[in-house]
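Labels run A, B and C following the written order; every chain starts at residue 1.
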Amino acid sequence: MRFALYLLTAMATFAETTIVQNATVYTITKGTFKGSVLIEDGKIKQVGLNITAPAGARIVDASGMHLTPGLIDAHSHIAVQAGGINEGSVSVSSMVRIEDFVDPESVAIYRALAGGVTTANILHGSANAIGGQNRLIKMRWGKSGAEMLFAGGPPSIKFALGENPKRSGNANGPVTPATVLRYPATRMGVEDVYRQAFTEAQAYQKTWADFKGGSSTVEPRRDLRLEPLVEIMEGKRLVHCHAYRGDEMLMMMRVAEEFGFRIATFQHVQEGYKIAKEMAVHGVGGSGFSDWWAYKMEVVDGIPYNMAVMTNKGVLAAVNSDDAGLMRRLNTEAAKTMKYGGLTEEQALALVTINPARHMKVDDMIGSIEVGKSADLVVWNKHPLSSYAVPQKVFIDGNLYFDRDQDGSERVAKETKKKALEEKSKTPARKPSTNEDR
Amino acid sequence: MIKSLAFLCLPLLAVAQKQTTVAIRNAKIVTISGPVLYKGTVILKDGLIEAVGENVRIPAGAWIIEGDGLTVYPGLIDGLSTVGIIPPPVITPTTTAPATPPARGPEDRPRTTSWERAADKVRANDPRIDSARNAGFTSVVTFPTAGIFAGQGAVVNMAGDNPSKMIVESPAGQYMTLAGAGGQGAARGFPSSGMGVYAYVRQIFIDLDYYEKTKAAYQANPAGKQRPAYDRALEGLKESGRLLLPAGSKVEMERVIRLASELNMPFVLYGAQEGYRTSEQLKQGKVSVLVSAKWPAKIPNGDPDAEESLRTLEVRENAPSTPAALAKDGVKFAFYSDGQTPVEFIKGVRLAVERGLSHDDAVKALSLSTAEIFGIANRLGSVEKGKIANLVISKGDLLAEKSTIQYVFIDGIHFVPSPDAAPATVAPPGATGRRPRTGDQK
Amino acid sequence: MKIAKFLLFTVPLVAQDSFILRNVTIHPVTSADIVGGSIVVANGKIVELGAKVTASKSIKVIDGRGLHVYPGMINCATQMGLSEVTSVRESNDTNEIGEFLPQVRAVVAVNPDSEHIPVTRVNGITSSLVLPASLSETGRGAGTGPQSILRGQSAMIHLDGWNWEDMAISRNAGVLMRFPAIVTRRAAFGEGAIGTPIPYNEAKKTYETELKKVEEFFDSAKHYQAAKMAKAAGFKLNVQLDAMIPVLEGKVPLLIAAQKERTIRDAIAFAKKQNVKIILLDVTKPGKALDVIKQNNIPVVVGKPTSLPEDEDDPYDASYSLPGQLYKAGIKFAFGTYDNQFARNLPYEAAFAVAYGLPYEEALKALTIGAAEIFGVSNEIGSIEKGKSADFVVTDGDPLEVRTQVKMLFIRGKNVSLETKQTRLYEKYMNRK
């Protein structure tokens, strides 16, 4: 049994040939039509009005149903085990990796999957100016941590501006000699952290260049903190930067330009609408909430029209969740941009599919229903932007990972199993042993 | 019954009895390394096993123990313990300035005492030594346990009035913890998170490699070169030879194995209670594990209405079947006490036996396997000629509930088992720790 | 002027603020929908509605061709007007210090110029219950003393007005109570964080001590009530205890946050013992207590359907489907958002309940008349009926659909501007060249 499971895991990539028929297909990039999608070897093989099902293919009749690409959440913190999502002890924690702590058994994965999410960028927290390395995952529920990881696409890192990274510089309560304050305490200091860190990284880059180029014979020490910063400057690592206010975003773009790189996205980007013009020139994307505001000082000017303004002014925008609960309904979050600011259906759907894929430079693999892309698909019972839309089936790499009917039938079995174990556990517990200090 | 016996034995409690030559004859001998001898003889001489077999000549003048109805086992080993190391007195935190500022990165070598050696810390007067021995434990692998790189362990025999004579092997590996210090802010320093710990571990191994290289280059030709700074953290790490890494759940085991495979040093996992889910992977990766025999239990005085997750219930139900699963799949594993008293420890092992592990495999996981994991199987862990004379002799299967331990030999010295009275945990010196008794010559 | 032809000019005495809204589909909620109907409003009240209504010739006509009219929705849990920016202490007037504060009134602290009010109402929410405190079962107020138990009077307000006096529909819609539940885990923060456990015996003892304290307080309130009734000699007016009289008389309910089965049972048992009316707030996992709620006819403000399920093994749609279960069990319920930030999303909370099993009509009722009935204001708001306050919203479709646009908004007959701080910022920056 255990062995069989092991094999199953190893064979995860071999998906059944599947055809989804009679659905309203929202390709996102190539229009919407009523037709079929053929899946082979985990990829979208064919998209069309009429496709003949290959012999032996699994047929999914989606009459009256709606088919979209799997939703992509560009900002999530689910499924990270132990010790939190922040290495907040230092202002530059570029050496830490979310990848190390992906927890494939977190139920948040299943819940998000049931909301149509197939890919999520699990970000380091926002406690410091230069945070840790993020990790893109696919919601392959039931698989191991290693199998959750998204294969391909550039690595990325989290930056953070404003209230959060400066918070550690402010003591709660009276300052005693024992109070440890972490620089910085202001937005001025946040900028300084970047300029100091990248100046250091430039020097590091040079020592290696000198060594490799032969002008120095002393091999430098590898520094896991500075390596990612060099990667950023070399354009090999994307920066997703937590930011709220327009002024701080402008600062960040200018610092990046000073050191010869670009910010990939501003996350939250509440005041993106104020600085959309500058963002468009820099080429940074805006990835944020649909309608959050007023939970702290730096978001008092948050408006639900933000996505629409950015989109209209040439900024590639995306809607994300940053929240395990909200993550389960990104479709209606996207729909809010139609209400506030009048985006079209296609624009709204793009905010949670192809646009975040572009932000993460994985749009050649996911984000739309196109031949050759991963078969990450969601079957909805209603229009995907409707408040009443419920995902019925969710495919990742052509494998069925969520099925609403199956979920219902599995509940009973799970409950029975649990009842039995609960009964067993009612028998008198063994005496707890003394805990040795270790 | 037991009480009255204990009373009678009182003057002889834990008395070490030195005898140059001992012969145990006509006993069942569970050698662990070879077949069981149903009517065999073991000769102990000068602290070593001189002979084991069915036709062994007993030397003249030997103290003869009639082994009818007795079973001889190798002395048990606790694979991971702190016995012998008396914790320093607790220092109450003060509100004044911290003595050292919090660590700001891997360069500050946070929570690292990799150079510290259990062998230097072991004291013969730890009262837990008596209780370990009474339960049949003739050795423990003991470690400093505070910090990310806590320090180097030692294999320690549970007898002697002099630590230097008790040490069997040092170092026995580096004890590591991987949890962050916690806290969002800067007060507790780097690394606050598990991610930070991982980053630190990676960096220190890179540093170790770099240190070795620079040192070698300098030593080869020091003239005209900058002298590399001495780094005791790296020196200590290098000496350890083996890492002990914590991993209890399947997810943790997978994660820690991924990390460990990046590091250029052998490793052993400890914890491993979800081994019933990972035995196949452990086997494939040739990973050895120390299994905690402190099985997950319902928290005492818990909320009767609080719902426990299916996962929690499953782990509690299945964890004790981990040893059986590991044995079946041929994963090298040994037990450790995980802070339990020896009596609780044996109870935990017994549950693993109830859940499918054979009795003798359980003894093996308390003797030879432990010795193999720590690379001392040429000295300890089985009843074999030439090995250290650590034996435990019982009436009935050693781990069975009703068995009684009749004799304990450590380094060939006989100890009369005594009823256990020592506390599970050790109080700092000057508190309630009782003075140990020294052995009397017979 | 095709419209004029249908008008019969019989409504006398046209008030200054009177108007007729014409050519709309009316969803009165309490009666059948009227297609192509009209509503006449005068002096802030609905005076006429129907397919054919009569109105004065000089009345102001608003054409709503193709649009739909729904009663204004009621958010049954907010801190509207009391809290502006959650993390900025100075902008918050929730969570007073003290154990028993039945006399403390939320209504007097409502800031009519809170930016949350327009932002919320432009999505069709015309009334809101203002709670004096947050609901956390384990929560502590702003102070460091004993935890607050009776946290103050909540108010039902119109989301428009010059001041709180003007906005109030019910100044005392219920006294918020933190029921002393058995809490066996300390509060924890962050995703997946689990607080350290508190031994059950200890938690139970704390609960019993607190409950005893509550009972003693109620006893003293009863003695006070009796003394006042009897006009006993030496009777002295006590502001705190006086505020308990309407509670003891069953005129004002206690609002008790009770998320799970045990707290719900304990709270209901307490209410029966004290013979007081209660409304349960934030019910999220009632389990078998569903029957107890029903048997005792306790109204419920359901926990947010979009909140995460309580426990790991709960069905993924546990919160989405709870309102449907309450409906099936025959329990009277309403919706609330428990905050200001997302107060405008109230209809979408209900929409999720519909997607997962609640009949649409029932969702609409729970958002309007059901909520009004629970808080005793159904003669004023909650449906489009003659004589009620003219609180309604004009949309281009189903208000539970996110994509639906609100076109007009009326509160007490006033055509309320759809402008907010957010639309102003939107326009300002859209126009940036």
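As a convention for this text, a residue touches a chain if its C-beta (ideal position, glycine included) is under 8 Å from a C-beta of that chain, and two chains touch if they have at least 3 such contacts.
Since this is a predicted model, take the numbers as computed values, not measurements.
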Middle chain, criterion being Cα centroid separation: A
Inter-chain pair with the most contacting C-beta pairs: A-B
Chain whose Cα centroid lies at the greatest distance from that of chain C: B
Whole-Å separation of chain centres (CA-atom averages), chain B against chain C: 62
For chain A paired with chain B, centre-to-centre distance based on mean C-alpha positions, whole Å: 43
Intercentroid distance (Cα basis), chain C paired with chain A, Å: 35
Where chain C touches two or more other chains, by residue: 312-313
For chain B, residues contacting two or more additional chains: 299-300, 310-311
Set of chain A residues in contact with two or more other chains: 84-85, 414, 418
Residue ranges of chain A in contact with chain C within the complex: 77-78, 80, 84-85, 106-108, 110-111, 114, 273-274, 276-277, 291-297, 300-301, 303-305, 309, 312, 324-326, 328-329, 332, 335-336, 338-341, 382, 385-390, 407, 411, 414, 418
Touch list for chain B against partner chain A, complex: 82, 87, 94-98, 101-106, 145, 179-199, 202-203, 206-207, 210, 213, 250-251, 254-255, 258-259, 277, 279-281, 294-295, 297-300, 308, 310-311, 313-314, 316-317, 325, 338-341, 344, 347, 424-425
Touch list for chain C against partner chain A, complex: 84-88, 115-116, 190-192, 306-309, 312-313, 315-317, 340-342, 344-345, 348, 351-352, 354-356, 400-405, 422-423, 425-426, 429-430, 432
Sites on chain C touched by chain B in the complex: 182, 184-185, 197, 199-203, 260-262, 311-313
Residue ranges of chain B touching chain C (in the complex, touch as defined): 299-307, 309-311
